[in-house]
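After this come two complexes, each holding chain A, first together with chain B and then together with chain C.
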Partner chain A sequence: MAVPFDRIPDSLGYLVLTEDGAVSGGDLENKEDVANQFMNIIQTALRIPLSSSKKDKFKKLSIVWDNFMYVITISAHKIYICKRRFIPPDAAMA
Partner chain B sequence: MERNLEKHLDDTFRLPGIAGVICTDEHGLCLGAKGVATRETSGHIANIAESAARLNPNLPPPVIAIESEGGSILIKKEGTITMGIYKSPN
Partner chain C sequence: MANLWVSNNLQVFVSASIIETAKHNILLFPYMPQPALKMYIKTLYPIVKAMDADMFPDGGPSETDRLINPANGQGTPSSFRETQVVPAATVPQPGGGDEASVLTRILHTVNFIDVSAVEGRGLEQHEYHDKARQYSNKLNMVLASSGRGSKYRMSLPNGVTAPQIVLASQPVSLADIELITMAAKRAAAAVNDLKVEHKEDLVVPFGVP
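Our next item is the complex of A and B:
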């Protein structure tokens, strides 16, 4: 199943992690060690309560540096990780 | 001894839209928590900040945003201190 990551603006790479394996491309292609690091981060994030409701798990997890970011979401038992260019809003206003 | 830190946490907590604030050291020890932030999460907050920083060890630690319908948390590690800010949903 092809995931249209090229439709995501400024996409630099992607990882899709499933129970059966993984699909990757761009900057994240074949980066198994990075995928394992993401799994650790995601499992920790799932343990952090965001509200009083225990069922409230995160919808989006972003890890942002100066120029790029990873955006992570979980849907239908799949973990989607997209590496995207990050353009700070102030730079756009200048 | 922690008066300065408590004041900073208080000042941050009083800002509009802030539901909680937490400060931990690099070992996950909770140095202070206000509002919805609980001491029990300090280990997870410190762990996630350290793990994210290790994704790119040559760069400064990133900002981590965990978002849900119930609100969001912004986490940033600076030196040996990690801060977590809980924001109410819009």
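Our next item is the complex of A and C:
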């Protein structure tokens, strides 16, 4: 079941990682150092308690710069990372 | 008589000072061809002889006594007494013939043990894989039974059902970004402001008359 990354608007690339951090596909698959850094961030973020229940983990993790951002989510024991153009939602509404 | 161990891949700078301070009777030589080895033995033999005379005045373990009993693998049965001061190198004995015979005696009687000629007993491929599987199984069993094991494994949660919907959703609002940035800046500043308040000295000089 391939995730349709081309349906995502403003997508600049994507990356799929397994649980151990092995790259399993994507436009950005040759950037191994970036992938390792993502794994670090994700492991740390998974430890943040979101609520009193221990099983509540983040649904979406965004790393935002001026013009672009990385959006990260987890599904079916795989980590999906999408690099997208960042347009501040307030500016878009104005 | 001291045992001479010849090693193929050890570099030892043999100097008079080292021999004088050596408290045991094992000397290591780098591998060298026989003539050079003879030269070394020629210069060192008087010193070694003097060391032996000093260490075993009543004739201790002989040259051919094994250090380790091969049958039951126990350590050396007798302990070597330490010398206080190794006497300075004595003048080599005059008379070339005497030296030559002594040299040949050493070369023939001493058991040279070549440390480099070790035969490895390698594992076969399938044996290696079997062992690796056995060990990882045992590890998993132990880890699963102990409660703390899961803290280190940090397995991935199940997560969302439709990742593309989450990834394509609206990005984070500017207000949220501002909030997070301010909070992180303040936390970093607070951590940097940690100071140690000095109350009492840990080390106090005592006035000993």
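Worth a mention:
Operating definition for what follows: the second predicted complex is superposed on the first by the 78 of 94 C-alpha atoms of A that agree within 3 Å, B and C clash if a C-alpha of one lies under 4 Å from a C-alpha of the other, contacts with A are read in each partner's own complex, and residues count from 1 in each chain.
The definition used in the following text is that a residue touches a chain if its C-beta (ideal position, glycine included) is under 8 Å from a C-beta of that chain, and two chains touch if they have at least 3 such contacts.
It should be emphasised that the depicted structure is a prediction, and the values quoted were computed from it without experimental measurement.
Once chain A of one complex is fitted onto chain A of the other, the partner contacts of A:Ser53 are limited to chain B, with no touch recorded for chain C. Using the contact criterion defined above for the overlaid structures, shared-chain residue A:Ala45 touches chain B, although it does not reach chain C. Touch criterion not met for A:Val23: it reaches neither chain B nor chain C.
Look at A:Val64: by the touch rule set out above, it reaches both chain B and chain C.
When the two complexes are overlaid on their common chain A, residue A:His77 makes contact with chain C while staying clear of chain B.
By the touch criterion stated above, A:Val34 is placed in contact with chain B alone, chain C being left untouched.
Note: residues 57, 59-60, 62, 64, 69 of chain A belong to the chain B contact set and to the chain C contact set alike, using the contact criterion stated above.
In the complex of the two chains, the chain A residues touching chain C come out as 3-5, 7-9, 19, 43, 46, 55, 57, 59-60, 62, 64, 69, 71, 73-80, 82, 84, 86-91.
Contact residues on chain B toward chain A in their complex (touch as defined above): 36, 38, 41, 44-45, 47-48, 51-52, 54-56, 59-60, 62-73, 86. Against chain A, in their complex, chain C makes its touches with residues 154-164, 166-175, 177. Residue ranges of chain A in contact with chain B, taken from their complex: 34, 37-38, 40-41, 44-45, 47-53, 56-66, 69-70.
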